[in-house]
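Remarks on the structure that follows.
Labels run A, B, C and D following the written order; every chain starts at residue 1.
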Amino acid sequence: MSMAPLFLIFPAVAAVLAALIPSNRWRPWLLPVAGTLHAALTGVALVRPEPLSPTAWLALDPLGKVILLVVSLLFLCCSYYAAGYLRSRSEQPNRVFCICLLFFLSTASLVAWSRHLGLMWVAVEGLTLVTAPLIFFNHTQQSIEATWKYMVVGSVGIALALLGTFFLAYSAQHAGHGASLMVSDLLQHAPALSKPWLHAAFVLLLVGYGTKMGLAPMHTWKPDAYGEAPCVVGALLSGGVTSCAFLALLRAYHISVAAGEVAYVCRLLLFMGLLSMATASLFMVGQRDMKRMLAYSSVEHMGILVLGLGLGAPALFGTLLHVVNNGLTKGVLFLSAGNIHRAYHSKSTEQVSGAMQRVPLSGTLFFLGFLAITGSPPFGPFISEFLILNGAFRSGRMVVGALFLVLLLIVFIGMGATVLKIVQGRPSIAARKTSYRDTVLSGAPILALLVLVLLIGVILPAPLAALINDAVRYLEGQP
Amino acid sequence: MSNFFNPILVVVLLLNLFVLGTSRITSVIRGVAIQGALIGMLPLLLPGHVSRGAFLMAVLTIVLKGVVIPVMMNRALRDVEIKREVEPVIGFQASVILGALGAVWALLFAGRLPLTEAHADSLVVPASLATVLTGFILLITRFKALTQVMGYLVLENGVFIFGMLLVQAMPLVVEMGALLDLFVAVFVICIIVNHINRAFSTLDTRQLASLKE
Amino acid sequence: MLETLIHIAVLLLLPPLLPGVIAKTKAWFAGRTGPSVFQPYYDIVKCLQRSWVLSETTTWIFWAGPIITLAATLLAGLMVPLGRAAAPIAFTGDLILFAYLFALARFFTTSAALDTGSAFEGMGAAREVTFGCLSEPALFFAFMVLAKISGTLSLTPMLHAPATAFAAGITAPLMLILIGLFIVLLAETCRVPVDDPNTHLELTMIHEAMILDHSGPLYGIILYGSAMKMLVLGSMVLQVLLAFLPEREMLRGPLFLVLLVLLAVVIGIVESVMARLKMLHVPYLLISALLFCSFAFILLIR
Amino acid sequence: MFLILILLAVAVAALSGLPGILLRRSDDGGERISAISMVCAACVGLVGAAGGLLGYGGKPLALVWPAVGGGSVGLDALSAFFLVPVFLIGGLGAVYGLGYWPHCRHPVSGRRLRFFWGMLVAGMALLVVARHAMIFLLGWEIMALSAFFLVTAEGHRIASRQAGWIYLISTHVSVLALFALFAIWRHVTGSFAMTPVAPQTLGQGVTALCMVLVLVGFGLKAGVMPLHFWLPGAHANAPSHVSAIMSGVVIKTGVYGMIRWSALLPDVPVAWGALILLLGALSGVLGVLFALGQHDFKRLLAYHSVENIGIILMGFGVALLGRAMNRPEWVTLGFGACLLHVWNHSLFKPLLFFCAGAVMQVTGTRQMDRLGGLAKRMPWTAAAFFVGAVAICGLPPLNGFVSEWLLYLGLLKGAVGTAGGALAALVGVPTLALIGALALACFVKVMGTVFLGAPRTQSAADAREVSRLELVPMAVLVAGCALIGVFPSAVAFALDAATGCWLQSTGATAIPVAQTVPLGVISLLALLLLACVAGIFWRMRIKEVVTAARRSLSWDCGYARPDARMQYTAGSFARTLVLIFRGVLRPADHPPQVTKLFPVPTRAYSHVDDAVLDRVLMPAGRKVEEGFAWFHRFHRGLTQHYVLYVLVILLILMCTLFPFKNLFAFVFDRRGGGTSVCSSAGKQTLAPPGAPRAQMPYTYMATLSPGNQAAHRNHGRPFTERAGTPALPTAYA
């Protein structure tokens, strides 16, 4: 008996409970419970893997495991944070918020579990739908606008992804094997797939799921959505949703590589990756809004992921490791930014300064998160980014490696200017008066995430390494 | 492929041009509704006996795309007493010409993609691509939020048309899921449209440009 | 051993004679009888007997300056060969120590000047260090030429080499560094056209301006030290000059001291026939010295 | 096994600041704990370093960084040599900090400062003993970041924030350069181990590439002239003991990096030696010139660090030339000069910064023209500064002279020897002479304006001597300067050991310094000089006469009561020189504005801005930012545009389905050709079958397990070969 249904059902049940609980005060506590339970389930699923049956729609292959791990860890920390956050926002009714968060959990798990591309598409679309109300939480004009853009651009992208999925199915059908969207079938018949359909399908999937990931130039919804959503939502979007979309892209990549199309695919991926990094760096320099800056940083890291994928074999390990690092570090950044935002009632560098004095813990964590995400040793992202760079040189792509470094530098400059403006200096009088103080609930989850990131950087835990190594081997088509 | 297949697709193509050309939101809604209903019929016309699943799909599609969504749209339209003009970025003729060009490109492009014997000479691929492009054009060149929703629907229709090539491949659950997702998406968008109207007292998306660099 | 004793004796006793000779020469040119050539001796002795007067702003640097300067000059003097004899101190790399001892002297002279907090002594100190920056590279270029010619890095062989080199036909570089070194000599010993030792207007002084506040024994030490500096640098120039003279071997004997006096006469003549340059033009003179020496080296290695 | 001691010291230093952080804010016990443990760490570390210099370093230890699957540390003479200043200044600075940055006056910033001080020392020690590129990088980054926190200790001051920001950028650039360097190193040698490659294994291309990255990465940290831009600001705005360790030790890690990596690359061509010599000469002259133009006490000292790094690099350049042209004598002298100057500079520069800090502490200003007459009020500080000034000007009988002497001899031996050497000397010797003379001018200026003459402001007049906690470290450093200056032969063994260690990879053996030059004579003459001075003092019975001397006013051309404002200022003292070199310095003059009929009092001033930062980087940065802002027009908030972008990128990517050469066929022959076209498009760039698979296990194993070197070896080929046969087709590459 597969434990997949559990992953999907119990959050849904929790959601129903959340709908039933009348009290605005106690409802949020469902989130930590669900988060902890989910983490525990994930732990079980990872340590006691079930045999991967080719016919099962819901099964956990190595790639799915990595993503599931990221989502589960991130949600765990975010759920505790959210409990504290919602308590401080008691004036705002949070029923819909909690329900959507819980459905987010189940849909995200569905993405990780599904071995059927159609089902996966449904799940990703579902993810889009449940996150829309989350962005809308504050009910301000800006949040409406952000949600609108998120829905329109996101829906267009997801529609293209569906078309791409169909193309993929048709390429199998054209090859004479019945049109199937089971990953295992597609992998099995990969060499026979009709190339033109495969290429077209990959382009469509790249653009479609790329929109969800927020690759340039489909990233346009990102700064608005991240900027207006509550920070906990921003963390889940930039760490969870993007990872799920990336998993979808990984599947497409996997099939194309199995079909021997590695050259074509890598070209596109490299192009998109560099484009995204460049775009992010363009908009990050002189950015005044800290949340928008984080959004662009997310764009940049999606670019890094795609770039790493495009570098092929030598960089795969680094890339998959970077999925984990990026997810967790983004959590650190968004959650601490949220605390700073609450302390200053503003997210613009004109008002925010001296965070290290005003909210010492959050300010420090924010700065450390910045150092981590820009790849300073000994944090995790350093390892993964360095491995990707290594891959660039090992696959003989000097120019790509050089561009990678230059773009990293520009991003560092752009991001650093904003971050330092925020953490250094003296807080304004108005900022000193606000009620917010760092509490256990608002600080500990961030600290936990940072410790995880540091752990990956210092002692890349053997289980994680093994997990990712399995995933790499799986992508390489080796048993 | 049945003989009714291609004619319907031709009608769908014509409807694209109509939707691009008309200046009244109501007629846009009507056009899209008809298009949706037509596309909903397609599974019934597929060769071989019609499975129960396919039948169910068809009915659901027709009901949703042909009836429910248009009604929702019209209600929204009524709630927000806006003037009925579509307010395009570019003129209607221009949009129509663009649409036509899109159709031509779709034909050429589809020509490059090899089809199985079964679908050798069907218009499915060009029709779906052309419809997708129409959706894009609507989304890009119209300012009213509602018309953009229409554009999204047209785009979805295009994707749906392509689905005809592999109904037997797509399991029912997935089809249903896709349809459900589409519906919920439109529903959510409608809610947002209402909120927009309440917050901004207009549906002109040009008002929704406060978030920018 | 005897040579060393003679060297030290000359180094200690002869210096005050040179300024005396210069003054006498200038007097002749001006048609005066002028003071005796031994006047500097009398001055120094008289100064040394005077009592001390110190400015209130000054610290130990004020009086340590002249003394350290004298000591440094003395030590440098032990490295330059007088005549045929080798210098008492000669080792690989002594040329650098030689140059840097003068730098040490400059450091302390100027610091002592600034210690008084007087505008004019600051002015003098500023000029001194400025011109030092230009004369030192010139000196080192000359050393490089001599080192290249002699193939050694010690002053004694370096300064004895030009004779043989001249015989070997290396004339142009020698000529150039001779001119260069002579200019450096004038600048370092504060003679016209760089500086006018007996001007009356502080604004136009360099060396004299720095020592306005030193009086009595300190002033005596300063006079003695600068005279010794002239002797040391002069004998260096003379060694190069000898290369151009006939019977140079004979001249390396006791006659060397006579030549030193003659050199003083030459300086006196220069002082009498030239006027002091405008302060802003002095750098050009020194830079030209630098160019002469560098050309010499380039000629040599081309 | 002295390596253990070093690691122990690293651990102690790293943890020294922690108690202070954990203790309550009101509790000032933290500063004592950290100071004491820093001193202990310093003693242990110095013992360990001494052991290393004497050759008891022992075999490298495995210090595994699990995440990168490897890592080792070792202690050879070269490392030990650079460890000495690290621990010496680390300890002394901690003591100085007790008096200069006491907990009572800086309760918040003080705790952070002491913590990062320990981290800084630990990081530097770690990177110096690292034998694995990643460990090196770890230590490097710890050092860089803690230095950033130290520089911004006074984060409330805008200037220090600005300086810290510029420093952070520059250090990040250098880190990225090192990323590239290590990735390439890993790629050509197959491992991160910092072990020398055998001669003639790397192609010229790779060596050149590595050297470029070395120059950028380490040159930035060392502050070589064009890359020095971060240095003056950072050193001027940091707390003084931080400035001391930064310019005394931190920038030396850049030098260490260059030396270490040049040791790993045995066949560095002659051109690089020449280039480094030129760079050294450049930063030497320009550094001291810009120092001349400064009015800010600490900025001036910072520019002198640039100058001294220049001298060090000149020595290094001579050594490289000697190694490439196989002239052991030049290697001995050049490398000896380089190393000895590293030590010397890390003695007298911290000394000078300590003095500057003391002056700042009592007068509260860094502007030299607001000081004066401090020698009377803080005699010990003044004396210490005096010694430091004599030393940094390279004057006998102090240590600065010895290293410059060695360098001169190295260059002159070249001049006497070959034509190439003569060219090197043509550049080097006069430059060095000029540097010496200019440095002299500069420090006479500082002495004169800050310590001599009459106080120019009340704050200077009220100055008092600082506490013993600050004087003792100065005294130690003074002793060090004097010791090396008078008995250079005492340190010769260290130079020989380090030189031999540097030459190992080439297999050549070093000649001992003592055999090349008469070090003994130097100490003899130094003693003689001191004897002369002492003799004259004694002969004149100096004490009595000075005490008995009559006091009067300074002669000021007849003014009855000269005024402190009439003194020569720092600006006017250096004016002539600045004007002579105005072509480089471009002084900005602000002449007095005489407006009305009866002019109001006015002031004239002039300042020299940095050539790189203020004239190139800042304007360029602004331009770039404007350029970036231009792109904001593509993000105007209209959903329509956003959807358009999606469509556009979709169409562009669709074009890749049909290579352009086939567009013609694409338009005209409708059916049939399609498949062939596309599949051929697919085939054209098909990967060599199985290429990725072949590399996959390597991806993981190589990065995560130190084992299977065999797998690496087949990648130990230089790029020139590799780039031709990439595992994947080099699209967009």
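Everything that follows uses one rule, which is that a residue touches a chain if its C-beta (ideal position, glycine included) is under 8 Å from a C-beta of that chain, and two chains touch if they have at least 3 such contacts.
As the structure is a computational prediction, the values presented were derived from the model and not from experiment.
The set of chains in contact with chain A as well as chain D comprises B. Counting C-beta pairs in contact across B-D and across A-B gives the higher total for A-B. Distance from chain D peaks, on a Cα-centroid basis, for B.
Remark: chain A and chain C have CA centroids separated by 79 Å (rounded to whole angstrom). Averaging C-alpha coordinates per chain places the centre of chain B 65 Å away from that of chain D. As a whole-number value, the distance joining the C-alpha centres of chain A and chain B reads 30 Å. Each chain gets a centre from the mean of its Cα atoms; for chain C and chain D, those two points are 39 Å apart.
The set of chain B residues touching two or more other chains comprises 112-114, 136, 139, 148, 205, 208-211, 213.
In chain A, the residues touching two or more other chains are 145, 148-149, 152, 156, 194, 196, 200, 223-224, 283.
In chain D, the residues that touch at least two other chains are 632, 635, 637, 639, 643, 654, 657, 674-675, 678.
Contact between chains, using the touch rule, shows up for A-B, A-D, B-D, C-D. Those residues of chain B that touch chain A in the complex are listed here as 112-116, 128, 132, 136, 139, 145, 148, 152, 155-156, 158-159, 162-163, 165-166, 168-171, 173-174, 177-178, 181, 184-185, 188-189, 192, 195-196, 199-200, 205, 208-211, 213.
Within the complex formed with chain A, the residues of chain D that make contact are 65-68, 134, 137-138, 141, 145, 152, 155-156, 161, 164-165, 168-169, 172-173, 175-176, 179-180, 183-184, 186-187, 624-625, 628-629, 631-632, 635, 637, 639, 641-643, 645-646, 648-650, 653-654, 656-657, 674-675, 678-679, 681-682, 685-687, 689, 691-693, 695-696, 698-700, 703-704, 715, 719, 722-723, 725-733. Contact residues of chain D toward chain C in the complex are 372-373, 375-376, 379, 382, 386, 390, 393-396, 401, 404-405, 408-409, 412-413, 415-416, 419, 422-423, 425-426, 429-430, 432-434, 436-438, 440-441, 443-445, 447-449, 452-454, 517-518, 521-522, 525, 528-529, 532-533, 536-537, 540, 542, 545-546, 548-557, 562, 564, 566-568, 572-577, 580.
Only residues 89, 108-109, 111-114, 136, 139-143, 148, 205-206, 208-213 of chain B touch chain D when the two sit together in their complex. For chain A in complex with chain D, the touching residues are 145, 148-149, 152-153, 156-157, 160, 194-196, 199-200, 203-204, 206-207, 211, 217-218, 220-221, 223-224, 257, 260-264, 266-268, 270-271, 274, 282-283, 285-286, 311-318, 356, 371, 374, 376-378, 380, 383, 386-387, 389-402, 405, 408-409, 412-413, 416-417, 420, 424-426, 456-460, 465, 469, 472-473, 476-478.
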